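Look at the two complexes coming up: subunit A is in both, with subunit B in one and subunit C in the other.
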Partner chain A sequence: MTSVASALPWPRVGAGGSVAPLCVAAFAAFALTVPGFATGTNIEAVLIAALPLLLLVSGQTFVLVSGGIDLSATAVVGLASVAGGLVMSHDVQPGAGGLPPAAGPVLMVLTGALAGAVNGVCIGALRMPAFMVTLTVGMFSGGLAVLLVRLAADTETLFNLPRAFVALGGTPLAAGLIAGVSALAAEVLLGGTAFGRMLRAVGYNARAARTSGVPVVAVTAAAYVLSGTFAALAAVLLTGSLETASPAHGRTLLLDVIGATVIGGTSLSGGRGQVWGAALGVLFLGMLSNALTLLNVSDFAVTIVKGGLILVAAIVDRAIRPLRA
Partner chain B sequence: MTAQSPAVAAPRVRVEAVHKGFAGVPVLRGVSLTLAPASVLGLVGENGAGKSTMMNILGGHLRPDAGSIHVDGAVYRPRGASDARKAGMAFVHQELTLFANLTIAENLHLVRFPRRLGVWIDRTASRRLASEQLSRVGLRRGPDTPVEQLTSGERQLVEIARALTHDARVLILDEPTTSLGALERQRLHDLIRELRHDGLSIVYISHELGDVLRECDRIAVLRDGTVVAEGDAGGFSVRGLVRHMVGREVGQFYPAPRQAAVREPLLRVRGLCRGTRVGPTTLTVGVGEIVGVFGLMGAGRSELARLIFGLDKPSAGVVLLDGRALVGAPPGRIASGLAFVTEDRRLDGLCLEAPIAENLALASLRRLPRSLVGVLTGATIKRAARRIGSAVGLAEHVDLAAPVGRLSGGNQQKVVLGKWLLTRPRMLLLDEPTRGIDVGARAEIYQLLHRLADAGTGLLVLSSDLDELMGISDRILVMRHGELNGEFPSTAFDREQMLRAALPASVA
Partner chain C sequence: MSWSKVRPARGGVWFAMVAAGLAALGCVSGERGERSGSAAQPLKIGVAFETLQTEFWVAALDTLRQESTKRGITMLQAVADGDPSKQFEQVRTFLGRGVDGIILVPKDGKTVIPMIRAANAAKVPVVLLNRPADRTDAPHTTIAPDNAAITRQTVAYLAERVKQSGRKAKAAILLGDLSDINAIGRRDGFEAAVRDAGGAIDVVARVPTEWNQERALAGFQSAMQAHPDIDLVFTSSDFMLPSIKSVLSAMGRWKKVDEAGHVLLAGFDGDPTAYTMMVDGYLDATGVQDVFWEARQAITVLEQAKRGTSAPARVDDPGFAITQQNMPMFADRMWGAVMARQSHRP
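Entry: the complex of A and B
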């Protein structure tokens, strides 16, 4: 083991370690073969487009490490976006000056946390299957978002958001700061705190964790609250950069969220995972779809390539864990 | 064993010098047995004597390391359970394996339904065949009865009927009466006699020594992986069987006996009970005292320990540590100084894929020192792990970053002990602390337990290994059917009396 690897908070680098060379190789290959890939503006576009996904993936990592899965995260993005739009948009609130400017984003984050709390209580305390709970909470959130926006306005999209909010989510620097600081905080929380270690123990062996005094229910629920909160932050970025609040935000991202996390070395069966690996997974997927788009490959072909790669990552994940009892 | 004369019928099964070990630990050390046609062989021995391993070899689940087995004169070397079934072995396991939601006929024919044209299940044929099978075991129930409506005795009969589906020549019954009432037991024994009369050879494994003496033609006693006594049932008594079962010399790996002392009470359990598994239990462990709780499998030992530790909710009773009542879930009890080494390391003791250091730190995460803003660094964990690792005798060269699952059983158990010692417990519960561990590591663990007690820690050791408890305890409590059934101070340790107190009431 190299000194770099052993200095990391979680010493077994696992599949996460193989993503960095993969990213470098992908960059080199695309730069050489894809016209227009290695230009400053294109690279900047790839990075900016990756920021909401980075937030979603940071939250998803907590959940996957705990041994669960959050399929509701992308629908929560749409619900949080609508919740923010309803209090901020001048379409709905002609005299919105009455509310403090922070009210919109704060309400969005609370919406995400609440959806996560519903997931967390059902999965942690009531021991319901994560797959079923988050799928239904996702359906509920998606439907609720559309319903709310229809009740408030005739369209499905809310425009005329406050300028300060648009600047918060839409300026590359601000968005980059939000996503970067959040992802870093997630990495420290997961890799360097007692909570993170408890979460991993729950993912590896929940019974052993419980016997060792880990509050399994609370730790599990916290993972889903974090996932919902990070989804709401992604909603702030998407809503700001697109200057609209819409239930459709994030709708197409679910495959990328799970895919980037798994490609980044986070195990689908719990215990193992790092946010930095998932961040590299985001970068890899972002470069891949950008390059394919520049080559005029059709959308469905891009989906085929991504799906295949994620399947391969999941197979690798299964193959390298022989010790599970 | 005398040489076979041609006049005597050839044995149905002849086992010769069979050896079997797991991860270098020998479990069977040259077992030889003979099973005559149309006879019942009783197989008795303490837990861990090798009975189940021997029967799993016969049933095709395990392969012997050395030795040979012949069935009706032909070499018998099954490659799996289905191979063994084809050779005429019928194995009824201790745990019932029926599907409660299916009918009797479905359970009987699940593997190979009678078919029409090779595709469609022939329900009529299945019902007819099931009725025949049920009448053979004397069960008067319709083949369409769902298994969930059957009593445990009736289920046992269905199990036997299923095992006899293939042309069975040998029937192995592993603890068949543990869940049966008196009448059902009688019915089972009647059936065994009929099957023997039909020519079947039967191996009958049981702790119920009275039954074994009554129902078997011959009896073999296993101890430490060898047959220490074998003969006609008429030549044995309960007392004699018990003596053969436990007759081993106490190994020298037990530490020197401790001085008797007057001790302040540390852990007090008052009237603790839960449903039918643990009856009202009252016991006290003093400061620096080692109390053993001896009980056979199913006596309720682990259930009692889980209640004390707060993993299960008691229906009544209190647990006091240093006079303060312990309530609620494990985290609070751990903070009060209680620790629990569970019976099954792999199930609820360790995160096998996680690094050794993380496992060692797992129960102490709340109390390890933090650097800035609550960050618990890998270096802090590694330091604590290294310190406690050497305290429990984990070798210096062990890489604490490696997954704990790669360690041997003995070293894994040291990690479990280390995890708890890092919490600085004042009272340690240990359930089967040396199960599946080689002799060297056992000796080290015993020494460690004595050092802990000498330093004032109270120890409650629950085990089905009587020698182990006699080797390390100041006092032994015997548990049976979920209740304490006798207390023995170290001056009055008597192996036979303690085993009799632990055996089911019908024998004692």
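Entry: the complex of A and C
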């Protein structure tokens, strides 16, 4: 497998590097003009808030590089959160204290991976359109999460989670380690392994990759499984920090997930992208959100600004695409 | 992560464009944001709403904004679109900015608890506006209506009408979502007023709605088919009044208060629809949450906390019942009336 992968052409990499000066520009501009932006506590707030998004974009990068898109990722966050809550919350399971501490997080990760596998099989093996499959899996996951939590507790949220779990997601150091190590692993997997090269080859030209011996179906499916798994890790962080399992977690993050990934240099057409670029995209959007809130810009304007920037990033992506041909 | 692979031309264009744009945005907005902060250490507060999707919350935010301007307070505001994690991020941003207090309308009573704890850790007082938290030892202030008392007062007005007519009434109540403390309070207030009426009111239908308009319509329709002689209706929220109107109209029983066959009707909230129905003469009464008072009180609590006065755990909005009799006197305090007039309703 390694020999096949090493024989594949290396698509152009490094375009995500342009987001680094973007981050520097944003930081400098905000530090100079936004009161309270460049303070230790505020920068800490930006970094803590960015951690779940960092996990989501790490997973999304695999999918975008493979030439697909995962619109179900944020709904999977809600489903994984509820799945964990169902086995951990003392509201539902009075004896939850008797379970191994890892049971909840493990079930959450398995839930995410399973949702990703459904996406992967439909898109990879059945060759269904990614946007349609992931949109419907997202709708299904969101609805299932609400149904499960209502059946279990006749409410919309599950509280009373184990202290160890809350500390896992809710302590900045632990959350930072989970997100940082996971993102680093994703970067290595994508940028330094045969799997990463095969994924780029599939995204660049699936037919050519198949001819070259790349197991396109398995590679595509794996990208979606990874996306679901990373979404579940984001759910661990969100559920822990809010001390509540809820289908609503991550509900508003989809624009930021796609936006940060694209701003970070990952191509919407597949074949190109790096996790570290997407991580800088997360940092940029985090600083932007924070600064606009500090400037008292209305929520609608924040969405317009974000949407506009993401559109510009997509246009730039489209404009430079012929360069790689 | 090779920096040598970064194409300088594209990066430079990004840098120049974004730096110019962001600096311009920052300059314009920053100037506006700091203007009110030029006096000696004015209060700086953060206001985070879960949603702005109903007129009630729009009225609350408008009042907070106007009141802050009037009192020389710098107010940062944010809306979370129903996402508690986004609201937590906004709270952290406020804390990072060093606000003197935070006013929160949370998504629910549970996810707000870590936010209160984060504010407690930063020694920043928190006021929950209209939505209480679940039981917690994290200190904060809740300003919320006394649902039971306001409902009892409202339904007492209907009971008085029943007694004046010298007959007994058959009643229906549209219940809210009974996992919501507000819905429970309103139900309890209704039942208390029925008991106070001493047998003049016989409750024949208790319709569960779970705060859902369609469910309210179907449930009330069934209740009216089972008990066509129902002549007193209380809805736990004014937003379900259109469903009631729809059913009564179809039965030919949507009558004004002074018309024969009028069904005694009351609600809760005091929204613009209720005001319009009262002016048109179809609605007898509604319990009003005094959102203007609640918003002003929230700011007052934070001002007092800044001066060193310890914040109370609970402030009850006494609210009031607006009726066909006292409407001229109370309409100016009804938030729905103010909004209806602003949008050129009657």
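Throughout what follows, the second predicted complex is superposed on the first by the 307 of 325 C-alpha atoms of A that agree within 3 Å, B and C clash if a C-alpha of one lies under 4 Å from a C-alpha of the other, contacts with A are read in each partner's own complex, and residues count from 1 in each chain.
Methods note: a residue touches a chain if its C-beta (ideal position, glycine included) is under 8 Å from a C-beta of that chain, and two chains touch if they have at least 3 such contacts.
In this text, all values refer to a predicted model and were calculated from it rather than measured experimentally.
Asker: For A:C122, select first, second, both or neither according to whether it touches subunit B, subunit C, the two together, or no partner.
Answerer: neither
Asker: Which one hits more subunit A residues, subunit B or subunit C?
Answerer: Greater contact footprint in residues on subunit A: C.
Asker: Touch check for A:V137: first (subunit B), second (subunit C), both, or neither?
Answerer: It touches nothing on subunit B or subunit C.
Asker: Between subunit B (first) and subunit C (second), which does A:T193 come into contact with in this model arrangement: first, second, both, or neither?
Answerer: first
Asker: Quick one: classify A:A222 as touching subunit B (first), subunit C (second), both or neither.
Answerer: neither
Asker: Classify the contacts of A:L285 with the two partner chains as first (subunit B alone), second (subunit C alone), both, or neither.
Answerer: A:L285 contacts neither subunit B nor subunit C.
Asker: Touching A:I48 in the superposition: subunit B (first), subunit C (second), both, neither?
Answerer: In the superposition, A:I48 contacts subunit C only.
Asker: Once the shared chain is lined up, is A:M108 touching subunit B (first), subunit C (second), both, or neither of them?
Answerer: A:M108 sits against neither subunit B nor subunit C.
Asker: A:L56 in the overlay: touching subunit B, subunit C, both, or neither? Say first, second, both or neither.
Answerer: Neither: A:L56 stays clear of subunit B and subunit C.
Asker: Show me the residue ranges of subunit A that touch subunit C in the complex, using the header's touch definition.
Answerer: These residues of subunit A touch subunit C: 13-15, 17-22, 24-26, 28-30, 32-36, 39, 41-46, 48-49, 52, 154-157, 159, 170, 238, 241-244, 246, 248-253, 274, 276, 289-291, 293-299, 305, 316, 320.
Asker: Which positions of subunit A touch subunit B when the two form their complex?
Answerer: Within the complex, subunit A contacts subunit B at residues 1, 6-12, 188, 192-194, 197-198, 200-201, 204-205, 207-215, 271-272, 321, 323-325.
Asker: Give the list of subunit C residues in touch with subunit A in this complex.
Answerer: On the subunit C side, the touching residues are 1-3, 5-7, 10-12, 14-16, 18-19, 22-23, 25-27, 29-30, 32-34, 37, 52, 75-86, 88-90, 92-93, 95-98, 107-108, 110-111, 113-114, 122, 134, 179.
Asker: Where on subunit B does subunit A make contact in their complex?
Answerer: So the residues of subunit B in touch with subunit A come to 309, 311, 329-331, 334-335, 340, 342, 346-355, 357-358, 361-363, 365-366, 368, 374-378, 381, 401, 403, 405-406, 419.
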